[in-house]
Structure formats: C-alpha cells, structure tokens
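Here the structure is laid out as structure tokens; the discussion comes afterwards.
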Amino acid sequence: MDILNNWAFVGIFAVMAPVFPALPIVIAWLLRPHKPNVLKSQTYECGVETVGDTWVQFRVQYYIYGLIFLVFDVEMVLLFPWAVAYNRLDLFAFAAGFLFIFLLADGLIYAWRKDVLAWK
Amino acid sequence: MEFNFITVAFIVFSLITLGGAIGVVTCINLFRGTIWLMVSLFGVAGLMVLLSAEFLAAVQVLVYIGAIAILFTFAVMLTRSITSDKMRFTRVWVNVISAGILFVLFALGVIYPVWVANAATHFPVTDAGLATTTDLGVALVSGSQFVLPFEVAGLLLTAAMIGAIVIARDADDEGN
Amino acid sequence: MDCPGLCEALANGGVNLGLAQFISLFIGVVLVSGVPLVTVIFLIWIERKVAARIQDRIGPNRVGPFGLLQTFADLIKLLIKEDITPTAADRLLYNAAPLVSFASVVLIWAIVPFTPYHYGVDLEIGALYFVAVASLGTLAIMTAGWASNNKYALLGAFRVVALLVSYEIPLVFALMVPVMLAGTMSMVDIIYAQSSMWFVFMSPLAMILFFISSQAETGRAPFDLIEAESELVAGFNIEYSGMKFGMFFAAEFLHVFTNGILLTILFFGGWLFPLWNEPLIAFAWLGLKASVLYFISLWIRNTVPRMRIDQVMWFNWFRLVPISILNLLAVAFLVKVMQELGLAPRDLAQATLGEVLPMTIILFLSNVAIAIGLLGQVRSVGRESRLATETAQTATAVGD
Amino acid sequence: MVPLWVFLMVSAALFCIGVFGVLARRNGVAVLMSVELMLNAALMNIVAFWRYNNPTEVNGLAFAAFVFVVAAAEAAVGLAIIISVYRNRHSIIPEEADTLKG
C-alpha cells in the first residue's frame, strides 16, 4: 500500500494547506476593528454609484480560449503516458504520437485561419 | 468492512462526491453550481486515488477542475440573467421518485445479487503488478492494442474543437 | 517524508499503529510546508530590496538591520487593518478564494525534493500533480472575481483566466520534454536522470518556454495584466483588503520562487552537486540555483515594460504554442532516431557523460536551429509590416 | 479494503442524482452539468471494475482515458450549442429550442 501511504501525505497536506493562510486571517479578524457602514460596504466603482447589473454581457472570445485550452488539455493527458513510456518504444510510437499531435495542430491552424485567436 | 484509514477516507470522499452532486442539481445560482460540480468531481478524484488509479485522479483534477470548470463558468457568464430565472425545475417530485426508483433498481436488481453474492470470487486486492502509467503509454501506441482508438480520439477532439468554434462564432457574429 | 523512525518508536511505545502513522505523516507535513511559509517572509523583503536597487533606490531600511524586519511590520499592519466585505459579495466564496489561491501554491511543495533523502512525497505522477494543483489557482481567481460582485473584478478575472489558460498550453508542452527524456514523471527520478547532463543543455528552448510561461502564470511583468496597478483598477482582487488581499499577494510572491525551484528540478539538475551529495550541501545547492532563477525573474519584472493584452495573446497563440509543439516533436524525433541508431542511451539515469554527449550536442543544435529559423521569420514579418506601413504613409503623403 | 459493491453503490447514487438533474432542471447549462455527473459515475465504475477484477491489465486505464476525451468533447460542443441558442433565441431552456424540423 505504498501508493496510498504517499497519498495519505498529500491528503493531510491538502487539508493543512488552506489552514496556513486561514490562521492569519482569523487572527486579523480578532485584532482588527469592526466598523462597517453602508458607504464602506458598497461595491467599489470609482466614486460613482453602481449602475445596472454586474452580469454584463461577455464576449464569446473568452469561451473560445477556454475551449481550445480544454481540447489541448485532454490531448496532453493522452500524451503524458506516451512521453513516459517513450524510451521503451520504437519509431512507430513516434509516428503515432506525431499523427496525434498533427491532428490537433490542424484544429489550431483552423482557428488561426478563422482569426478567432486574436484578441479583438 | 473493517474500520481503518482507508475506510474513513472512502466515507469522506463519498460524502463529498454525493453532497457536491446534490448541490449541483439543486442550486439556484449557476456559478455556485459550477463550484459544487468541482467539489463533487474532486471527490471522485479522491475515490480514484483509493482505487490506486493515481494517474486518472490527477487527470480528473486537471481536465475537470482545470479546464471544464473554466469552460462552464465562461458559459454561465455568457448566458446571463440566469439567477433571476423563475423556471428552475419541472415536475420535481415525479423526477425525484423516478430517480429513486432507478437507484433501487440498480441496488436491488444488479449490484446486490451479482456483486455482493459473488464477493468471495473476487481476485485478491494488492498493489503488486498493478498496471502503471508506463504500461498505459505503451498500450496507447502499440499496433496490437489502442493505437487506433488513440488516433480516433485525436480526430474526435479536433472535430469537437472545430465544430464548437464554428457554432460559438456564429453566435458571436449575430451578437454584433 | 514520514519520519520512519518516529512511527516505529511511537508504535513500540504503545500507540495505536494507525495513529502513529498519522502523527509521523502530520509532522512531515508541518516540516515540508514550513519551508515555503518561512521562505515567503524573506521573499517579500528580497523582492522589495531588489526592485529598489534596480530603480536606484535603497528600499526598506528602517525596521531592523537592512530593513529585514519590514515584512513583520507589514504583517502587523495587515493584521490590524479593517477588512471590508462588500454587502453585495457572495460571502462564502469571497472568503474561500484567497485560501485556495495560497493553498494551491503551497501544495506544489509536497513534491519538491529538497535533498536526495528529504522530500514530501515522491509521487509517480509528480509532474502531472504540479499542473493539476496549479490549475486550482485559476479557479480561485475566477471565484474571487465572481464573488466580489463587481464589474471590474469580474472583467479582470475573465482576462486573467483567459491569459492563464492560454499560457498553460506551452507550459505543459515544455514540461513534457524533461518527462520524455527522463521517461518518468517522478521529480526525484527526473533529477537522477540528469546525473550526467542537465536537461537545459539538451533542450534550452524548452527551458525558455517553461520560464516564459511560468512567468505569465504568476502574473509577473511583462505579463502582469492581473494587476496592472498603474493602469487598471486592480483586476480581480479590487474588493479585497487587509489580510485577505495579503494572501493573494503572498501567493504571488511564493509562486515566483516555486517556479524557480521547479525550473531547477526539471532543467538544472535539482540538488545534483558535481562532487558529493551531502544533504546540507545538496539543499544549499538547490536553493542557490533556484535563487539565481528567482533573481532573473525579478530582473525581468523590473526592467521589461508591460505588454498589451492583445499582444500577450498573440505572442502565446502565434509564437509560444507552435514553438512548443515543434520543439516537442523535434526532440521526440531526434531522440528516437538516435536511440534506434544506438547513439543515445535509453536510460539516462545509468548513462555516463560520454554516452549522453552525442545526444546532447545534436539536441542542442536542433534547438538552436529552431531558434534561428524563428528569429529569421520574426525579422522578415517585422520588415514586411514596416514596409507596409511606410508604403501606406507614402501613399497618403502623395495623395495630399 | 472497501468491497467493490460499496463503490458501485456510490457511483449508482451519483448516476441517479445526475438523472434527476437531467430530468428536472430546465436550464441547459445545469442539464449539461448533470450529464457530467452521470459520465463520472460511469468512469468511477470503470475504474472500480479495473481495480478489483483486472488490475494488472491496462485496458481499464485506457478505457477511462478515452472517457475523458468524450467528456471533454461533449462539454465543449454542448456549451457552444447552448451559447449559440441563447444568442439567437435569448433562452437557455432546452424545450424551447424546438425549431429544428426536418
């Protein structure tokens, strides 16, 4: 159960990690003054009162960046085992990996050509 | 089921998974729903670690929390005025009952008779000889195993990317 | 690091075995996470001092010798500062975001090998763990922006997240090069694979790509659109004040040094000292290399002007992503061909200097060739656009 | 070690919560989130069966890796469709997007 012993460490670490920043925040909560008033707690808007909804309409551009990132992320997930095993494989493995990356690069080139990657 | 470290971890992660899932299907505010979804999928990653599939657990965090969550939050922001929607659910009780019946069917019809009754025939569970990430890498690109699905996966991802760009971009053009 | 002696001692002393394991793991966690927490206090001082020197100032020099206690003074100030939560904010997520942001950086230290014998854990998937944990930080920024319920915060968060996810692609492709050369994702094994040759000599381009994109991941200049304090309000953390703002701040400072450590492990041989591997010397050597990289990062931050968001995005999608893919393919192809020809060893950890030398030279030359080709292309594109502008200007002048 | 059927029970519960979400939610994005839950229940089943029945074979891992690919493609295209429908009809209720006729 070596794997689980390692991950028990990671698990305790993950539980402890938010505690370290929480500690000073809690201490600050005990020490600092608490004098909220209506003006202070307003949303910061450069001196002018808030107008309209916070949910302003966003551009689809953001979605496209997220989308391409998602596709590349999944591609990397499949490429990581390939990279780890690479030293044991032969030239055919390179061809398979090359074809895989090439297919994804096609999608990237399509995005270039359609000019969806440039920030407008 | 003896009570030890692993059992405690299993119970905690199961509660995280199911609690997060209930949060997803009942939340009013969709951004919070996305956060609940991440909590739930994080629980699934924890369960995968308990199943010694550490590679898949890392992938789960990477793909779902790193990428799909971001995509969902972007989509939530792009389709605005979601929080003020009054029409959130349809036929709640009918659906609760049908989902409940489905669960009972799973539990009584399949899992109990097949997997509890035959529990004794299971293979011994040890970490010895466990398939590793290296084995997965070899299998993904060896001609006799998964090289074809591997390439088809690449093709599917490319198709999804191009298709989604076309669909989302049309929307953008009409928006302007 | 689970202090094996301690666990046995406790178990022999009559403590329940599970509890003994838990206590020894817990002490290990406290020791490992103590390193970044102590480091970050001094990083803030170093950062301010270096920035001051570069700008021809003295920097903090009042509190303590050389102003060393300045950070503690800042800490006291942040502790007793009133902390405002806007009424419109989503309280739970608003308070959780700084915690997750800081935790995501501290969590990376679980896999950092300090010496051959002292490290948190040696996960089989170490490199992937680092990427997965770092992506939690992105979600924290998104949550902070949304939970503040402020237009500027939300817009800032959107821009930052778009930037972070974009730069993660070259980061991971660059990370894949050492993973491929070493044939493992475990950080300790990646260091051992460099015992005869650092990976920076095999693929300098991957190192540079990793450095640039990790600089962007931390939101440092020239990519500091996260908080372009002189231009935008403050980006996603505009509504935060007091200690919660301090946590975002500390997370950023720590992240820069963490990147230096990772770069050292992946490309500069970690704690490998040419002569001997005494734990203390190994630790100091790792720290020294990381500090040099950290200093370079500060240097860039304080000298390079900020880029516009469209330039940042263009630079990523039209330069870094294609180069990182090209670099990965080139390294993969050359390594495989050389392995088939018997010029390159299949297990770098066992190879001698003589065995890896031909492979190093060829990979280095291929990287240089890619870089030269790239620079040539950049130059010709620049010339074309300059000519186009000049022609246009002449045309208008003639038209007048 | 926790027996296999307990894992299966948890994933069955996760699947049923997902089914409820798909049936009951009227918001397209929420429906997609519920579909992700169902996919994850299936993924957990695959991993659990791999671990208990065939841990030395790599098939289970490879199958799970391909499930991630499908999940990513589904999320990407599904959300793009929702955004597109929202832009054109200003509604994200799936039942109202019924103009596609043969």
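As written, the chain order gives the labels A, B, C and D, with residue 1 at the start of each chain.
By our rule, a contact is a pair of C-beta atoms (placed from the backbone, for glycine too) under 8 Å apart; a residue touches a chain by one contact, two chains touch by 3 or more.
What you see is a predicted model, and the numbers here were worked out from it, not measured in a lab.
Trainee: Going by the touch criterion at the top, tell me which pair is linked by more C-beta contacts: B-C or B-D.
Mentor: Higher contact count goes to B-D.
Trainee: Which chain would you call central, comparing Cα centres to the global Cα centre?
Mentor: Looking at where each chain's C-alpha mean falls, the closest to the middle is A.
Trainee: Using CA atom averages as chain centres, what separation in Å is found between chain B and chain C?
Mentor: 29
Trainee: Roughly how many whole angstrom separate the Cα centroids of chain B and chain D?
Mentor: Chain centres of chain B and chain D, defined by C-alpha means, are spaced 6 Å apart.
Trainee: Between chain A and chain D, what distance separates the C-alpha centroids? Give it in angstrom.
Mentor: One centre to the other, that is 21 Å.
Trainee: Indicate the whole-number Å distance between the mean C-alpha point of chain C and the mean C-alpha point of chain D.
Mentor: 33
Trainee: What are the residues of chain A that contact at least two other chains?
Mentor: Residues 3, 7-8, 56, 58, 60-63, 66-67, 69-71, 73-74, 77-78, 80-81, 83-86, 88-89, 93, 97, 101.
Trainee: Multi-chain contacts only, two chains or more: what residues does chain D have there?
Mentor: If we look for residues of chain D contacting two or more partner chains, we find 65, 68-69, 72, 75-76, 79-80, 83.
Trainee: Return the residues of chain B touching two or more other chains; collapse runs of consecutive numbers into ranges.
Mentor: 5-6, 50, 52, 54-55, 59, 62-63, 66-68, 70-71, 74-75, 77-78, 133-136, 138, 140, 153, 157, 160-161, 164-165, 168, 171-172, 175
Trainee: Can you give me every chain pair that touches, using the contact definition above?
Mentor: Once each pair is checked, the touching ones are A-B, A-C, A-D, B-C, B-D.
Trainee: What residues on chain D touch chain A, complex-wise?
Mentor: Interface residues on chain D, with respect to chain A: 65, 68-69, 72, 75-76, 79-80, 83.
Trainee: Under the stated contact criterion, what part of chain A meets chain C in this complex?
Mentor: Going by the criterion above, the answer is residues 3, 5-10, 12-14, 16-18, 20-22, 24-25, 27-29, 31-36, 40-46, 54, 56, 58, 61-62, 65-66, 69, 72-73, 76, 79-80, 83-91, 93-94, 97-98, 101, 105, 108, 112, 117-120.
Trainee: Going by the contact rule at the top, pick out the chain A residues touching chain D in the complex.
Mentor: Against chain D, chain A makes touches at 60, 63, 67, 70-71, 73-74, 77-78, 81.
Trainee: Can you tell me which positions in chain A touch chain B when the two form their complex?
Mentor: Checking each residue of chain A against chain B gives 1-4, 7-8, 11, 53, 55-64, 66-71, 73-75, 77-78, 80-86, 88-89, 92-93, 96-97, 99-101, 103-104, 106-107, 110-111, 114, 116.
Trainee: What does chain D use to touch chain B in their complex?
Mentor: 1-10, 12-21, 23-30, 32-34, 36-37, 40, 43-44, 47-48, 50-62, 64-66, 68-73, 75-77, 79-84, 86-88, 92-93
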